[in-house]
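The two complexes that follow have chain A in common; it is paired with chain B in the first and with chain C in the second.
And then the complex of A and B:
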């Protein structure tokens, strides 16, 4: 039995390797390289920016100084360096985005696998209806609910302390569930049709092993591409939540907070306050979309 | 068609009930429970008990659940805690604004997105195609609320007087004023959906143009315009309708952001202000309205799907006669 299962697995291996090889030797198109450059630039801003910049929460210049040699992105109405605040905000956004996408995937992939494996059954139906209900609540409304009920600061849930960061990560992860679960389910529905799955069932391989040992590795590449694309959406969603006053709270700098602060100085000519932090968001969302297209193209083998 | 519509509507009703259940559970899972909203700071135990009894929160959970669902289904939504206005009245004014804004943005941007996608596919590999490809990625990537801020900055400060950068003029204030006040919010609301729609239509039209029957049609001497509009577009529009259905959420969820940027008095602005003011009757009603609108819109797109694709119709008939 185990030798049959080994040979079945070996039969699956070449396909997996072929996919990996495509990733190792990237044939990026022009737009793909632009995307890669944007993503790297954002990561540099997020990871190196805070190290080389001034203190983001201290007064380091006059109020509302335009961008110049001392303050690359200018200063805000309290004389704080906008580059430093943008860099710290980018780091926070990146952390929240990665956390929420990984969290969403960890929960949604098993749900989608199970729903797809039992496609068309009552279990599949129930799981997908729950996902639809989640999807009908826009993330901002879900966030308003949770933040409205628990407050904007840290809150205690028994032994757990939920900081605003953790709350936002959890909220975004929950709102991503329907999308990730659906992608996983769709890929699983196709994969389950393959003969090797029937063969595994016939020889009595436990369902847990079929799901996570055999189906998961074959289903995961398109799901990971989707997950990658959603990192950009998560950066946007985090900044939008903070912009509405539901995410990070001042004086903590986040890309959304910076933009909501900017509305105060909008009509007295502080253009850099609203333009520059927004460009940082745009950099990463465009970069991820362009790069995601390329990865999708390479995975599907289209030229 | 009718039996299909009834079945889909039944599915949507089940999902709406699930949404109500989630809202109810979230209210009760919050620390302090839903009564916290009705109590001031440091309430005395007597006051807490009085509020509990008044709201019926001392009854068993299932009884509260039935009352909650019943009151929403019968549109008995209570009144605002801050102003005392009946919630249904508050919502009625607001939802017209949000629906109009969403619908205008949806119609205009869907048309632009489809036109751009179709043109790009027809001029594949040429300059126009490149412009659409880059333009659509930028459009779908741009953070809507940031774009809104930039537009407020441009039209409010640098070129004042061209378009109103904030607020909402009602029909009573003149048709021209009204339409002018929709332009910027609608522009901002739909741009990302248009990017996605353009990309999807372009991809599926290029696939449709590669099909053998298109080559056959060309060899028969059909002109390119007929091939594009009668054959390729009709086949390519199906996946695009799916994507349009998925984009409906961005119009409804996005309105929450956009209404706050442009100070538009719609449901999106109401839902934020009522939650921040702990005005729960209003907040719950606005939440349920939002979810309900999303479900109805999704249902409409589903039915549209059924109407435009004879294959789906045939599949459904085959299944129901079996």
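And then the complex of A and C:
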């Protein structure tokens, strides 16, 4: 038994080393590195920015000061620091985007797995038709409806308090469901054709375990790539909702709010108010797309 | 493995008992608006199996041979519970076969399957250790991490692989090694019957030989019962005690391996043996090989199903369905003209290959 375990350990060692090496220097193409740099820059802005900046909601300078040493991104028409507001807005966008994608995945992956496992059956049909019905509903119409019903601020449902952030996360997550479920189902349909699924059934492995223990690890890589790509879309969508006044409400800063406020100052020369938060959105959207494509390429070459 | 009571009863009744097994797959019928089928319209079905009888005794090895599409693999799927039969009765160890969708560990343990393609029969995301531990734990063959790992290592040793393979993943193994692991997984549950569904079809010739030897050694050591599904006659000859020849969802001849391979009686068996690749004389079939394609299983020929390709066809064959009849040497054959064919060795018949 001891010789068995030592030989086991010996067999595992080189693989662990190989995995470490992969972590040290991933093989990315030029565009992949650009994407990675953009994403890291955005994350630094979102995570470290609020720590080193001035108070985003206080008057810390004169109105409409151009970018300079005191105010890196200038000030807005009320004299608030735009860097601080952009950083806080970026953090909020990142939180909402990650929250909605993770929320969407948590709900959609089991649906897609089940639909794919029972591919072609009535259950598959029902689940996917529900998903398509959801997809047919544009997220902005849904948002108008929900916000119109519940108001723009926090609303309370019994013990639950729904802040605007939670509402936006839920709205986006629901609108992502069909896409995530469809990718999961497609990957599962391919995987279920493999003979090992039947072999596991014959061995007597319970269905729940086949789905989540055996199929999920093989199905999840393309789904995660898809989810990652949708983080960029989620940042964009959150900004759009806030821009339209359906998401975050002033004075709370979000990237969409900032752009919406900036339209007033654009005609009087305040270019930094729209260009700099706009650049932040551009940065993360392009970065995530480039990096996501790269990860997809690496994963597809893995097999 | 089995209690004495079961062993005693299994000497009287066969371990695997298939009676009148029928499996028809419905064709997707054209539906009217409203989703209901036209009243009176006959739904077309694929006749995968039409009344199969099969008995396998404890410790016996029975081969099902036949061309592709004759329903061999459907028998395997029915036996393990992956496919629900349309009719007939299938019993293993005195119990009806339970479909895999029903939770019944005892039923699962009785029959295990080795499938055709080892590359897809193992989950590539999981280690060999995990793959082998699953049946051990599920069927309570060992408990505790150490004991399970040890049992998994034993199983690997049984199929001739070193214990280092426990930590490997399927992608690090060759086809032959993978198939050994699938055999080990099937043995892990300690089943009463092992269904081998074309176990060697996708392997190299040399690997094939070692796997066949392994299977025959395992059977000798552990006293296993095999149901071997194959189209490779050499494999069947090597592994099987008894052989059943299938054509279009029916058994046309069954008997001991020597009888069927040494002196085939049914015209289909003769043609099948004559068509085996080793009998080819550079581009020419030795004797009467099989000509033409297997007829459609949707629109099966009337009378004897083999009459469209049979070299000895008589007018009666197109209308009269031959029943399986017991021959003097205890084999069963379904052929209307069997008496005259065997009796006076009619012209145009081929003798099968000798076993020597």
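FYI, the second predicted complex is superposed on the first by the 276 of 303 C-alpha atoms of A that agree within 3 Å, B and C clash if a C-alpha of one lies under 4 Å from a C-alpha of the other, contacts with A are read in each partner's own complex, and residues count from 1 in each chain.
Going forward, a contact is a pair of C-beta atoms (placed from the backbone, for glycine too) under 8 Å apart; a residue touches a chain by one contact, two chains touch by 3 or more.
This one's a predicted model, so the numbers in the text were calculated from it and none came from an experiment.
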Key: Which of chain B and chain C A:205 touches, first, second, both or neither   = second
Task = Tell me which of chain B and chain C touches more residues of chain A.
result = B
Ask   = Looking at the overlay, does A:194 come into contact with chain B only (first), chain C only (second), both, or neither?
value = second
Query = Between chain B (first) and chain C (second), which does A:70 come into contact with in this model arrangement: first, second, both, or neither?
reply = neither
Request  = Identify the partner contact of A:129: answer first if only chain B is touched, second if only chain C is, both if each is, neither if none is.
outcome  = first
Inquiry  = One more residue to check, A:218. First (chain B), second (chain C), both or neither?
reply    = second
Key: Touched partner set for A:55, first chain B, second chain C, both or neither   = neither
Query = Do chain B and chain C touch any of the same residues on chain A, and if so, which?
reply = none
Query = Touching chain B in the complex: which residues of chain A?
reply = 31, 129-130, 132-141, 144-150, 155-157, 232, 236, 239-240, 243-245, 259, 262-263, 266-267, 269, 271, 274-275, 278, 281-282, 285-286, 289-290, 293
Contact footprint of chain A on chain C as seen in their complex = 80-82, 100-101, 103-105, 108-109, 111-113, 115-117, 120-126, 134-135, 138-139, 146, 149-150, 153, 163-164, 166-168, 182, 185, 189
Query = Hey, which residues of chain A end up touching chain C in the complex?
reply = 1, 4, 7-8, 11-12, 193-196, 198-207, 214, 217-218
Remark   = Touching chain A in the complex, chain B uses residues 11, 14-16, 18-19, 22-23, 26-27, 30-31, 133-134, 137-138, 140-143, 145-146, 149-150, 152-153, 156-157, 249, 252-253, 256-257, 260, 271-272, 275-276, 278, 283, 287, 290-291, 294-295
